[in-house]
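Chains: A, B, C and D, in written order; residue numbering restarts at 1 for each.
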């Protein structure tokens, strides 16, 4: 046994030994992080070198009225954050949405992707490989799906540039977010392709996937769940709850989300979708690094016949209700609040998340349109 | 008093009341989230509607050897995650870096931005406003800086499109990440511009800032800290620690990070920078939604005279060591591990974060180059 | 009759009258533009308000050896330009390619697109429209194809954002570039959709097409012909013809085309593809505004076993050999030089164009890698 | 003497010999291209391997009323095209603009750029080079400006990624478009940097310039001339001339130029700016490959107090009135029509070009908003 910093064990005692070694190395006292309420062995598949836990303040917003295909009714949405004013803002949006009949939400597409890159001899070899893939789809599918109970290979698309050939696999992954499932299945499929064609696998991820980087491919083709949400709010609701007129909201959306985002070459045309995603992701054990592609949302607002129409499009919302951090105690509880823990709940959860993002967009757009953003932060935040 | 779900109080009792109301509303038991180790009133500026805390497993990587302008020496880096294999991966990278003499890091630029959008009458009016800003910079600076002790307005750049005029303010924000400081100061400056020119402020954030969305402006001009890091590893270190040759690493970086990212129109040319950022951000009380722009890193690898040269460029790393979530108990402890808590530490912290990202990039690139990514996830993760 | 500047006639006399009116209005003598060799009525579908013709110097490069699916053999390629050194550069590339066995070229995809935008009541209405389109594809296809002899509707893809619904139609357009064909057919299809669904057509082009603007959609999904070309050149050819080593070429391609293009967020990773396209397009009566999307090419160069491997990927090469300017006398002659005039030649022509672009890329990359770009321009250009 | 295809001479006889050799090689008769009205030796700096000239139909639009800083009054604008309906469309826009008082235009920025890429040892070396450049600006400026009479080095900006260092030089280039001037000056400056720092010049163009590729850098920072134009049209003018209402125009601009362009990740938010640019560029001897970056324009339309406000922003309009193709006979004549030939005219010319683009945008937006685009093409085009 190496002990101290080099201890690689997973028990409470191992964790404590490491924590003390860290205290000693750094000269800092680690009290708060050592007081957590679960057995470290529950997290043995979630982290290595554990020394404790970070406690992130958890609150809720809602009731959030959702009219989805899977989520129907009123939900409280747990959010973990350290950014003052965030929950108050989203909560105001929930109230406004409720008065407008709720958020209408549905899922347009649902596929997780992974794109290995191969080295081929030249473009013609690449074409042969592409053709080989097309004519051996059953074999590739069988290999890929041999690695997973829940994953199904539902699409393959190739992109070639010189000696680099990218094969973008799309999977249905059930209620898991599915990134690891897709990686493992793609590696197996890639090995079949290697053997059948002489192409050389260079990386199981060739960055045409694209995981945890903002990208045009995900923006245009989607990754995980592509979800859309909208709502129509009567003028009086807008005025009373949001202190703005529909026209002011529309103008702010126009100049900020559309013109401003175009001017800055932004891959997201929204106010702060990433805030809602990060807070819900942390609360519920999602992968917070996937807030990156999640952030690429487009928010629109229009004044229609005196009412306010608002919408949000999320091309790449990557969430799951099984696997990953979802089974940790606090995170499970957070999912439970929405009735979204476990199998059969991922689509429902995605719809609720999108509706919560819409609520946040609505409220912040109003705050910005009426010049109260800074004052809200002064009053509620740091 | 409204009570239950509508209770807006900040005390422990309020928090408990709300938690019970949530339990009742949702029919779910909230045990883990209610066992946290700090007084909710400590978080009164960090969250509203608090019902408890989420416990995110915390571990560490390191020692990470950093040769920075501000961070010099070996550091343990706290990371909070639920993604198995992440810390093991980064840790391997730390070992390799250490054997290569450590990561060389420095900060290229350090400015936080906010860009209000104004409605002007037409382009000529917009030009007058731009000119007015140029000739009234002292007045604008005075207004902006009247709102902050630590912030300094160091740059103004305008962008015009028709009746929309964007004024991108750049601030030095000391050891705070500085977004709220910049927002409050920009609002004041914007009011001065409104009064002086007749331009109408439409939104204090006009999405040319750009906060929490991936964007060309941040990629090219930077936001927060632009940090670069590199290292040179002898061939034997690469082979022994990373199980790869420098040439294999270079080829994987070429086809994945450069060709693949180009093919997918990715705004990040890296493997998984967002992972390291998310884990460190959550551990240390940063704003996790800012992982979005943080993720836009470029990783390069070259075989040079038999050794491996690796580098990382982070154009928009937004971190602070005061304010926000940094003062919460667990988060403070995490910062303390690196000697990065409080005033005078933000640049040091940014350098350590960049070095940790480089470690993670190095290790994952090797795992992908040698075909062990999927197996690592199978062994260590879910 | 209005006469003078307002004359709208198409005869030689009308043209002359207009020219004289322009001379009078502007006080400038128009001699060169009035001496052209064709009857203006031949151009009656190509221009309005004709006053003459501009004479653009025409040269040729080649022989260019092409190993395509449709273009096989050696070709002289006509190029019209006023940019000194361009033809000399491309010509050098042709020589080098010939010594390496020629350029291997093929077409990956061949579809012209047009994407009307509709206003829908809300997202659910948009979903209904999308579903209606899916279940009425025969009717839509019939309407679209009723407008054209050669066009076939081969794909429909919808994108929704709030009350805006984009329907991207893909057409096979035979030997025509096909933009007008696609527009006319899309309008008819759009009218069918309007009638069937209550969606309101806002613009027959909704900028998800995307014509004459650089765009992610065209870069990723292609528009017109997606063509790839490559070649392998022995080291001695590289050294003698291009005055560079394969390694120097690879390094220039790496730092310039990949790292540099990434750094500048370029939608093209090449040296000057647009130059070759513009010169060939003008010579052969293509639409020169489509150089825009044509320019989005990716050039790679690698040193492989001592040789130089170079490749080019053109995702959106929009060319035709019938229609548009191809039937004008000079332009027809230019197409004839390559045996590419008229029906059945568009794919052959596209392959030759891609090979010529590869030749230009190869040569300019060498000039830049060896520091002779500026001197070439000094010697040959202005 | 080599003769035939290999003849490299510049005289009329050489040109004829080559043309005949091309006829023989290809078996095609080249009559039209051989009947041109100028001495080939006039084009000796504009082309190599000349065999004749291509005659592109030339027309005009206007009078176009321009209220610029340099262009004031009414202008006829020459356009060379083979795309039917283009001039008619732009002409309609000119009429509408005239009735609205003309296009207001001005130049926001005017700098040509070139960005060599250097190989440095590592990031620290790169930082030393950056610092060296900052402290040797006089020496670098002197070297750069020693190569040119008209060019002035007015800015330097460095971008680093690992061992690649990009130095983006900005030049004022007088009335020349300035690309070659900037290239030659940059090479000289780069040599000074090489000698002073040990950095190795890899390519005088490192694709952070960015020439002839669409790019974020040019979109955001500009290249050549950044020009803006706008106009306000009374409702009756819009209705009578454009057959649309201001509200219809605004809606088409919103859904197409803003939402659609966002959805397709377009680097241009316009209808067809490239069309006007290509036609004017070919007519006047500009570099038609630079239509690429020119195409990145943003068009907006708003209904304001019953009138229609339209605007266009062109971040990268690269034009000149001396050098390049401007001195060829036809092209000179075309410039003369606008009083834009020669020294002191480049800014005036740029303003007219931008105004012409606005006219084309206005008219095509109306055609699309009212559903007459396809019918116009059917009636006037092929």
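One rule holds in what follows: a contact is a pair of C-beta atoms (placed from the backbone, for glycine too) under 8 Å apart; a residue touches a chain by one contact, two chains touch by 3 or more.
Please read all numbers here as calculations on a predicted model, not as lab measurements.
> For chain D, which other chain has the most distant CA centre?
Farthest from chain D by mean C-alpha position: A.
> Which of the two pairs, B-C or B-D, is linked by more C-beta contacts?
Most C-beta pairs in contact, of the two: B-D.
> Roughly how many whole angstrom separate the Cα centroids of chain B and chain D?
Computed value for the inter-centroid distance: 38 Å.
> Quick one: report the Å distance separating chain C from chain D, using the average Cα coordinate of each chain.
The answer is 17 Å.
> Going by the contact rule already set, what residues in chain C reach two or more other chains?
If we look for residues of chain C contacting two or more partner chains, we find 161-162, 164, 216-217, 219-220, 259, 261-265, 267, 269, 298, 300.
> So in the complex, which bits of chain C are touching chain A?
104, 106, 108, 122-124, 127, 160-164, 216-217, 219-221, 228-230, 232, 265, 298, 300, 302, 304, 309-311, 313
> Can you list the residues on chain C that touch chain B in the complex?
My answer: residues 216, 219-220, 254, 258-259, 261-265, 267, 269, 298, 300.
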